[in-house]
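Have a look at these structures, which come just after this line.
Below are two complexes that have chain A in common, paired first with chain B and then with chain C.
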Partner chain A sequence: MNYKIIRVNVSDMTYKREEIPEKYKLLGGRGLTSAIVADEVDPKTDPLGPANKIVFALGILSGTSAPSSGRLSVGAKSPLTRGIKEANAGGLTATRLAKLGIKAVIIEGEPKHEDWYHIYISKDKVEFIKANEHANMGLYKLIDILWQKYPKSGLVGAGIAGQRLLRNAGIFGNNPENTDPGRYAGRGGLGAVLGTKKIIAIITDDTGGERPKPVNEELFKKGRDKMVKALKEHAITGGKAGTDEGALKNYGSNVLQNIINEAGALPTKNFRIGYFEGAKNISGEAVHELVDETNEKFGADAEGEYGHACHPGCIIRCSNTVPDKNTGKLIVSPLEYETAWALGTNCTIDNLEQVAMMNRICNDIGIDTIDAGNAIAVAMEAGKIPWGDGKAAIEFMKKGYDPDDVEGTTFMHGAKVAGDTWGVDRVAQVKGQAFPAYDPRPIRGIGVTYATTTMGADHTAGYTIAPEILGSAGGADPRELNKADLSRAFQSTTAYIDQAGYCLFIAFAILDIAEGMEGLEETVAGFLGKEKYNITEVGNKILKIEREFNKNAGFTKEDDRLPKFFREEKLPPHNVTFDVTDEELDAVFEKM
Partner chain B sequence: MNIRLKMYASLRKHLPGTEIGEEVKIEVEQDSTIMDILDRYTIEESLAKIIFVNGIHKTVEYVLEENDLLVIFPPIGGG
Partner chain C sequence: MSSIRIHLYGKLRELAENSGCTDDSIIELAWEENETLVNLVNKRLNLSFDEIGEIFINHKLVTEYKDIIPSEARIALFAQGMYLLCGGQHLKGHGFIEKKGKEVNYW
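Our next item is the complex of A and B:
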């Protein structure tokens, strides 16, 4: 397929349809966003300045019949970490762009105007649509308005936070039903970069487009069938919603809430304790029960759901819709583990309805939930909100709607800025990005990933939890200290999966089922018309490009460290500290 | 002797009438292994994918002690 790149220049509001340079032909997703950012953005540039660019890129397989492959990567120099950033999400845009033959959209330049615009992309044209009336509008309302005019379109963009250039602004995405803007490429403040370009939304209409065709159809299909088989067979990715089988389809990613808690590694009260009594109340099991109850009570009017797909073609279907228990109507979709932890457990809030509402506010104003939850914990440290008070937390978050409210604005910059502003030292972050839902003291490998990934503290970048806690790939002892090799292997495989456009959750199946792993390589090789496409080699190459960018941005080994309190303060109930040596951390990239 | 038992996700059906995460006290014979408990509830070994005793991973051969907290999960993933 002859893909093109759309390059939008907001300095003069023009665009070009470019051929894909030879050197990018085998890239997609994170591989492509990171390569373009590394080639075109000066690592030292101000991330909120005119020289930064934001890149949207489909995975190699997005839009094809490969299962769960419709992810969209977004990349730029991050306003949060000041390093390179890629975040990816489901939603509709990747598969829509694929059908239009567009591999990437690059937005660059410095607007010479004060107006806000949407970019409308269809088969024949790219249009700029003036959208001042949509500025500073909540995203639930915005996506609703946009679908009235552009039904079935894929929507991604910057919400209120991004338009105000705040550092925890995510890139929202509408879900397939357009009931929620919650398909976020949330991390790293990418929404603020789009905000600097005065763009609110990218609207993709794939009418008249066609599904991309693999170069080697036979190899692609062989690989796809292996992948489908592995995903269906595996107990985590397979099964059926509403039955005893299929962890992700029934409980979603939030099935982890109870297990990480029972492992004594669930960060509670801003990483003070590894166990939260109330975790069960906001767990995937609790959402499952609530959905069943409200579906029974409200019948056809009920909107609660589990086993939901975040994009067309996902057969794992880990997504959900949390219903209001009194009406059965949607509060938010999805509620993920990381979010329930950040907004709930980490702030000692165990009321499911309140946590869902907090998630909804994040989605509406356009911020990443993980950093938001850490920022609320920081506000609790500073005495601005009582610990565990969900009602007060909701009121506090609503300050974010008012551009003149200083506390609300600080909160929307994320945990690090909030800590610096409010005089709170206890902020769990690396490279300015706040920690996800696993304490690295009892689970050492994930700490190695937090410290060393090019992304700032990020669990998805090298998800060692799979072997360390969940027993995948033969298992690994969570307390073991030599985790450089494990973290590197996961970081590399992840980069490859991200590049292919597959959802990371295919990993659970392919780590255990050899045929699935073959399917991964064969689908990619078949689509590109290559004989082989080596997973580790390609993964490492992406990591090296990103690492080099960060080095030139001024990062040193000292940036690959966890905050001191993880080494000094014992985490109950197991009373352990993070004891991995600095040499071991450095070995992740030195030995690559 | 007595031990404490919890089961999550799809295994909860083996402890009917309990809340999510509720701990059940059960009496077991001295020197019982985790495998004995699985047999007692007719849980296939492959479904007891993740087992913690007092918050530490254990395998089915582990011999239980008085007041141990045994927590069993089926194969699960997320993140």
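Our next item is the complex of A and C:
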């Protein structure tokens, strides 16, 4: 397929349709966003200044019939970490752009006006639509209004937080039914970068477009069939919603709430304990039960769901819709593990309805839930909200709607800024980005990833949970401190999966089932028309580009460290600290 | 008398009386000296390991079912399909999925 790049310059409100340079032709997703950012953005530039650029890019396979491959990557220099950033999400936009033959959208320049705009992309044109009436509008309302005018369109953009240039602003995306703006490329403050360009939403209408065609159709189909088979065969990604089989389809990623809790690695009360008594109340099983109850009670009016697809063509279907128990209507979609942990467990809030409402507020104002939950925990440390008080937390979060409210604004900058502002030292963050839902003391390999990834603390950058969680036999022993090789291998594979546009959860199928790995290799090689595509080589290349950018931005080894309290405080119930040496952390990239 | 407490998750909650997702679903049994997990699961709970996903004893992941259960143990049993979410399950030796052909080496 002869893809193009759309380059939008907001300085003069023009756009160009460019050929893809030869060196980018085999790239996609994170590989492409990071390459463009590294090539075109000065690493030392102000992330909220005119020289930063924001890039939206399809995965290599996005929009094809490869299963679970419709991810959209977003990249820029991050206002949160001040390093290179990529975040990706499902939703509709990737598949829509693919059908229009658009591989990437680059937005650059400095607006010379005070107006807000949407960018409308269709088969024949790119338009700038003045949208001042949509500024500072909640995103549930905004996506509803936009779909009335542009039905079935893919929507991504910056919400209230992004428009106010706050550092925890995510890039929202509408879900396939347009009932929720919760398909977030959430991390790293990328919404604020879009805000600097005075753009609220990118609207993609694929009418008249066609699905991208593989160069080697036979090889692609062979690989696709293998991948489908492996995903269906695997105990985690397979099964069927509403049956006893298929953890992700029935409980979503939040199946982990109880599992990590039993592992003693569930960070509770701002990383003080590894176990939360109330975890079961906000777990994937609790959501499953609530959905079943409300579906039975409200019948056709019920909106609760599990086994929901986050983008067209996903067969893993780990998303869900949390219903109101009194009406059966949607509160939020989805409620994922990291979110339920951040807004619930980490703040010792175990009321499912309250956690879902907190998630909804994040989605509505346009912020990342992980950093938001950590920021709420910081507010609790500062005595602004009582621990475990969901009602008070909701009222506190609502302050974010008021641009003149200092506490609300501080909260929307994320946990690091909140800690600095409110005098709280206990902030679980690396490079300014708050920790996800795994304590690095009992799961040390994930700590190595948090410390060393270019992205700031990010579990998806190298997801080393299963092979090293505390175990009695088999697998990597988590007390074995040599984690550099493990973390590097996972970071590299992850970078490759991100580049392909596949959901990270295909990892089960490709690492556990030989045919799954072949499916990955063959779908990518078949689509690109290449015989061989070395996964580790490509993954390492992406990591090197990102690492070099951060080095030139001024990052040193000292930035690859966890906060001191993880080394000093023992975490119950295992009573261990994070004692991976600095030399081991440094070895992750030194040996690559 | 020593006992063991078995926390049940997913479909396995049905083994505990009157349990729900937001209730504790716990079975308390007498501790038996030198009892292995195999005996507990197969004989006393009358379950097959095919019906079980992740298992933890005292917050440690179990991969060796012949381990002896300590007195006053907290055991967590997750239903089939409920595993830690990431690739590499075979590294734990679960053997819950048929592997064909090559093994993938992380390193």
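What we mean here is this: the second predicted complex is superposed on the first by the 585 of 592 C-alpha atoms of A that agree within 3 Å, B and C clash if a C-alpha of one lies under 4 Å from a C-alpha of the other, contacts with A are read in each partner's own complex, and residues count from 1 in each chain.
Here is the rule we use: a contact is a pair of C-beta atoms (placed from the backbone, for glycine too) under 8 Å apart; a residue touches a chain by one contact, two chains touch by 3 or more.
Not measured: the values here are computed from a predicted model.
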Chain B and chain C placed together on chain A: clash or fit? clash
* So, A:Glu285: does it touch chain B (first), chain C (second), both, or neither? -> both
*Between chain B (first) and chain C (second), which does A:Met517 come into contact with in this model arrangement: first, second, both, or neither?*
second
Once the shared chain is lined up, is A:Glu338 touching chain B (first), chain C (second), both, or neither of them?
-> first
Practice problem: Check the residue A:Phe505 against both partner chains and state whether it touches chain B (first), chain C (second), both, or neither. | Solution: both
> Touch check for A:Pro573: first (chain B), second (chain C), both, or neither?
Replying inline: both
Mind working out whether A:Asn254 is in touch with chain B, chain C, both or neither, as first, second, both or neither? first
| Which of the two partners, first being chain B and second being chain C, lies in contact with A:Glu262: first, second, both, or neither? | both
Partner chain in contact with A:Glu293 - chain B first, chain C second, else both or neither: neither
The answer to whether chain B or chain C touches more of chain A is C
(Q) A:Thr460 in the overlay: touching chain B, chain C, both, or neither? Say first, second, both or neither. (A) first
On chain A, the footprints of chain B and chain C overlap at residues 234-236, 244-245, 247-248, 250-251, 253, 255-256, 258-259, 262-264, 280-281, 283, 285-286, 289, 337, 463, 465-466, 469-472, 475, 505, 508, 573-574
Given the complex, residues on chain A that touch chain C span 233-236, 239, 244-248, 250-251, 253, 255-256, 258-260, 262-264, 274-275, 280-281, 283, 285-286, 288-289, 337, 352, 463-467, 469-476, 485-486, 489-490, 505, 507-515, 517, 573-574
Touching chain A in the complex, chain B uses residues 6, 8-10, 12-13, 19-21, 47, 49-50, 52, 55, 57, 71, 73-79
Residue set of chain A touching chain B in the complex reads 234-237, 244-245, 247-248, 250-256, 258-259, 262-264, 279-281, 283-286, 289, 318, 337-338, 459-460, 463, 465-466, 469-472, 475, 477-478, 504-505, 508, 573-574
Chain C residues touching chain A in their complex are 7, 9-11, 20-24, 53-54, 56-64, 67, 76, 78-93, 96-97, 99-104, 106-107
